[in-house]
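Before anything else, here's the structure in question.
Chains: A, B, C and D, in written order; residue numbering restarts at 1 for each.
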Amino acid sequence: MSADERWTGGEMLAVAGSLQVQDGDVAVVGLGLPQMAALLAQRTHAPSARLLLEIGVFEPMPTEPSAGIADPRMWRGATAFGTTLEVLGVMVHGGRVSLGLLGALQVDPWGSFNTTEVEEADGSRRRFRGSGGGNDISSNAGRIVIVMTHQARKFAETLTFLTSPGRQVGGRSRADLGLPGEGTCAVVTDRAVIAFGPDGAALESVHPGEHPDAVLADTPIPLAVPHGGTKETPAPTARQLAFIRNELDPKGWYTS
Amino acid sequence: MSTRPDRVVSLHELAAGIPDGSHVALAGFAITRNAVAFAHELIRAGTVGLSVTQVFGGIETDLLVAGGAVDRLTYASGSLDRFGLLHAVNRALQTGRLELSEYSGLALALRLHAGGLGLPFVTTRSMLGSDLLAPLVAAGQVKQIESPFDGAPCLALPPLRPDFSVIHVDVADRAGNAVVDGPLWSIPETARASKVVLLVSEEIVDVGELDPSRVTIPGSLVHAVTHVPRGGHPTAVYGRYDYDAGHLRSYVAAASAGAEEHDAYLDRFVRGVSTFDEYLALAAA
Amino acid sequence: MSTRPDRVVSLHELAAGIPDGSHVALAGFAITRNAVAFAHELIRAGTVGLSVTQVFGGIETDLLVAGGAVDRLTYASGSLDRFGLLHAVNRALQTGRLELSEYSGLALALRLHAGGLGLPFVTTRSMLGSDLLAPLVAAGQVKQIESPFDGAPCLALPPLRPDFSVIHVDVADRAGNAVVDGPLWSIPETARASKVVLLVSEEIVDVGELDPSRVTIPGSLVHAVTHVPRGGHPTAVYGRYDYDAGHLRSYVAAASAGAEEHDAYLDRFVRGVSTFDEYLALAAA
Amino acid sequence: MSADERWTGGEMLAVAGSLQVQDGDVAVVGLGLPQMAALLAQRTHAPSARLLLEIGVFEPMPTEPSAGIADPRMWRGATAFGTTLEVLGVMVHGGRVSLGLLGALQVDPWGSFNTTEVEEADGSRRRFRGSGGGNDISSNAGRIVIVMTHQARKFAETLTFLTSPGRQVGGRSRADLGLPGEGTCAVVTDRAVIAFGPDGAALESVHPGEHPDAVLADTPIPLAVPHGGTKETPAPTARQLAFIRNELDPKGWYTS
C-alpha cells in the first residue's frame, strides 16, 4: 500500500527506515525490511555504517537479495565470521552497538515491542518467531528503530507479549530496570515516522500523500505533535528507488 | 606409540544411541546448517519424550516436533526466515502439547556457555523488564539479583548441560575434530555444554589432515561422528550448497496447512524412506 | 558505495597514542607471540605509570617493567619457559616497586571475558581455598558468594576493561580484521575486553583478501594496526619463526644479573636503536 | 642425582611420574618434567592418554624436546588449537580432565602446593612463576600428580604461598571449600613416590637404591607407611630410557 503511485509502501518504508541510520552507526539488523533499510543507508548517505548479524557475521556487504539473516547471500562481503556470543555478547551486550534496526508485531506507547505472539479475535494466541537476539539488542544497544507496516492493531496500550523493552516498562525507566541505552527512538512504517522520546511518542512525519489525521486515526497510542508540527517525510529519490529495484530487492520480496 | 580414537559410526548408530526422554541440543539456525539427516533418522527410530534446546530454532526442530519426538523446547526463537514460521513448533505451543522455556538469544547462549565451562552461574542484563522474565523466574531458571560489586540489578542464570548435542559440520577427522566454515552462532557453546557431542559431517578425513588452527570443535569433546553428504538439505551449508527454496516452500505449505498435512509430508519424505540418500533422491525428483 | 575504514598506522603512532598511566593489556605467552616491537617503542617513548594486564606474562611485560614503564601488574603467572623467570617483574615485585593483582589463569581470563561481553560479573570455583584469594578479596576484586541456585560456595569477579590491548597477529587487513594462527590462549578475550584494540601484524593485506572464517579478531573491535615483520623477536610466532634461543639466553643472563645489567641490555637493544629493524639487525649481528 | 648409576635422577623421576598416568587419562601438563612424564607414558603404557596444554593445545604428540608449553615444538601433532577458556575453562573447570601433572616448589602434608614464591634464609621472598593454570587444574581436575626433585626444604607444614589446594586446606575438605575432584594423589620425586589420600601422605615407594629411612629423613612432613609397607619403585626399563634419551630429551634439558 502506498499513498503515492511512484513507489510502493515497502519502498517508502525502506527509504524512511534508511534515513534513521547515521553514518558511522554500528547496527545490528533483523530479517526483512530492516535489512533493506540498513543496506540502502549503506549505499547512500551512511557509507561507513557497519552492519552486524546475530548469526555471527561482521560487516557484510551483500550484493543480491536474501531470504533472511540465515541466508548465506546476506553474509557476502563480510570481513569476519564469529559467534553469537561475539555479536550479541561482545558487540551488543558489551555496549559497542549504536543502533538496532528491527521488525515488530506490536508496539506500545513507550516503544516496547512484541515479536513473540499476537492475540487473535477469538482470544487464542498465534505464535511468531520469539525474541532471538531482539531482546538483547533492544536491552543493550544505543538506540532502536522499529521498521514495520502500519496497521492499527499493531499499536497497543498493553502488548500481548513484551519481548523487548522500550523507553520504560510499567512506569519504570530503563535506568531503573538496569538497562543501558536510550531504547526505541523511532517506529518507521509505510505511512509515517513516529519518534519516541523520554516523554513518549510523537508523530514526527507522514509520508508523501498521507494526512496526519488519517495516520493518527490508525495509530491507537498517545501521539504528540512535535514542536514545529508534523513534517512530511522526504520522498524517495530516484537513486534510492533505483538501488532498491535494481540491486537490493529486484524481485520485490520485501518492498513490493 | 600413542593412538588416536576412531569415532566414526553410522547415522543409524548415532541416532540409536539417544534414549527416549533425553535432552538433545541442536545447533542449526533457521534455514542454515540444520542436522536434517539426524532429525529424519530420529523420527524413523521412533524416539519420543525429548527435551530439545536450540538457540535459534530451524527446520530440524520443527521436523522433530512434527514427528512427535519432543515434549519440551528451550529456545530463543525459531523461523525459516522468509519462507515462514516453525509451524509444527508453534502449533504444539499453542495447543500446549509442547512445554516451553523461552529466553533471549544471548541469555540462552550464556547458559550453554556456563554449562560448557562448569561456571556456577552466569549473569546478564538482557531480559530485564521483558515478559520473558516472569515464567523463567517462576520455573527457577533465572534469579533476579544485584551485582555484589556495584549493586546493579541483573539476572543470574544456571549452567545448561544437555545430554547430547548434534551438530552438522563441514569436515571432521575420524577422531571427531571438526571444522565449521562460515558464521558459528551458538555452535561452539552448544557443543561445549553437552555431555555427549555427536557430529554429522559432510566430509570425513584421516587424523592429521586438518589444520588444527581451523578446528572449531576439538575431538576431545566429541563422542561420535557420522558421514552424511548433503545431510543438511533442504537448509544451506555455507560454501557447499544452497538451501532448496522449492523444497522449503513445499515444506512450509504442508506444515502450515495443519497437522495432518504436515504428517503426510513426514510419511512421504521421512517415514517413507529408509535412508537420507533415498530422501535426497525423492526431494530431487 | 559503502566504505571500509583504513586503520593502518606506524608503530610510532600506535605507541604514541597510549598516555602515561593507561591500563594496557598484553597478550603474549612466555616465549611465544609477544608484542616485543611495541614494548620497545613504548620504552623509547618514555611512557610511564602503566597498569599492565597479561594472563601469562612474557618478555614484553618484563621489558616494560625493566624500562620503568609499569606501576601495576595484573597477571596469573610469568616466565620465559625453560629460559628462566621474568626477572625484572620478580625484582620489582620483591622490592615493592610493582603493585600486584594475582589470579589463576582461568579467573583472569574470565574477568577479561566478562569485560568483553559487558557481563555484570562472572563466577568460578577456581582460587577457592588458595592464598590467591585473600588479597583479591581485600582489594574488592573478588567476592565470596553462594550460587543462588544450589547454594554452592563460589567466587564472583567483576569485568575487567583495559584501556588498550596490544596484540601481535599474523595477518591483518587494512581495516584491522586479523588472523592469529596456532593456539590462542587468552588473545580473543584480551582483545574483546579492551576499550581500544591495537594490533602489530607480521603482514598487512587489503580488505577482502582474508577468509572471514579465519579471522580471529574482527576489525569491528580494532582501532589501529601497524606492520612490523618479525615484531615478536626474540619470541616465536607459530608457523613463521622460532624463538631466538641465543638472544633469550643473553636476555635472561642480563636480566637475572641485576637491575643495572638489565638496564644495560635496554640501553643497547632498545634505547640504543631508533627502530625495530635496527634492533633486529643488532640482534642478528 | 640418582642412587643408581644406570640412570639419572631426572630419568628416574620421568619414569616414576609416567607410571602415574593411566591409559585413557585426559591430562593437562605443566612445563618441564611433567611434560617428560606425560609424553613417556603416552609412548609406553598409556597410548590413549590425551594431553592438553593451557595455552590452547589439544592432544599434541611432540617428536622433539621443547623449551616449555609456549614452545611450538611442544604443539606438534596437535589435533586442535583453541583458547585458554577452552582448556582451563571447558576441559578443566568443566570437569573433563582426569589428571593434572604439575611441578611444585613446595608441598604441604595435604598435598597443597606452592608455585609462586619461596622464603629465603634471610626471610626475603623469592618469586617464581605464579599460578598460571596450576590453581585451576588443582582446583578442578580429577586428580593431581606433582613431579619435582626431592629436597627437604620443599616439604613444609605451612607453605610460603598456597597456590594450589590439595586434599584439604586449613582443616576444610575440598567438598567443604566447594572444590570437585580428589586433589593431590601423589608427589613423585627423584627418590620416591609419596601417595596422598584422605588421611594424609604415605611413603608409597622408594626408587631403586634408596632406603626408606633416608627418604623419610629428607621429607619433613608426616608420612605414614602404607599397608604392606613401602615398596620399591619399578626400575626404568631399557625401553623407557631409550625413549627419554633418543627422543624425548636427547639433550638432557630436563632429565640430566
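Basically, a contact is a pair of C-beta atoms (placed from the backbone, for glycine too) under 8 Å apart; a residue touches a chain by one contact, two chains touch by 3 or more.
For clarity, every value in this text was computed on a predicted model and none was experimentally measured.
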>> Tell me which has more C-beta contacts between its two chains, A-C or A-B.
In response: A-B
> Among the chain pairs A-C, B-D or A-B, which one reproduces the interface of C-D, with more than half of its contact pairs identical by residue number?
Replying inline: A-B
> How big is the gap, in whole Å, between where the Cα atoms of chain A centre and where those of chain D centre?
Replying inline: 58
> If you average the CA atoms of chain B and of chain D, how many Å lie between those two points?
Replying inline: 40
>> Using Cα averages as centroids, what's the distance between chain A and chain B in whole Å?
In response: 28
>> Touching at least two other chains at once: which residues of chain A meet that condition?
In response: 75, 78, 81-82, 85, 89, 93, 140
> Listing for chain B: what residues touch at least two other chains?
Replying inline: 110, 118-119, 124-125, 152, 154, 182, 212-213
> For the complex, which residues does chain B have touching chain A?
Replying inline: 29-32, 55-58, 75-79, 81-83, 85, 89-90, 93-94, 102-107, 109-110, 113, 124-132, 152-154, 182-189, 236, 238-239, 242-243, 245
>> Give the list of chain A residues in touch with chain C in this complex.
In response: 26, 42-43, 46-50, 52, 58-59, 61, 75, 77-82, 85-86, 89-91, 93-96, 140
> Can you list the residues on chain B that touch chain D in the complex?
Replying inline: 1-5, 116-119, 173, 175, 177, 192, 207-208, 210, 212-213, 215, 218-221
>> Under the stated contact criterion, what part of chain C meets chain B in this complex?
In response: 110, 118-125, 140, 143, 145, 147-149, 152, 154, 156, 158, 181-182, 213-214
> Considering the complex alone, what residue numbers of chain D touch chain C?
Replying inline: 31-32, 53-57, 67-72, 75, 78, 81-85, 88-89, 92-93, 112, 115-116, 124-136, 139-140, 159, 161-165, 169-170, 172, 174, 177-180, 253
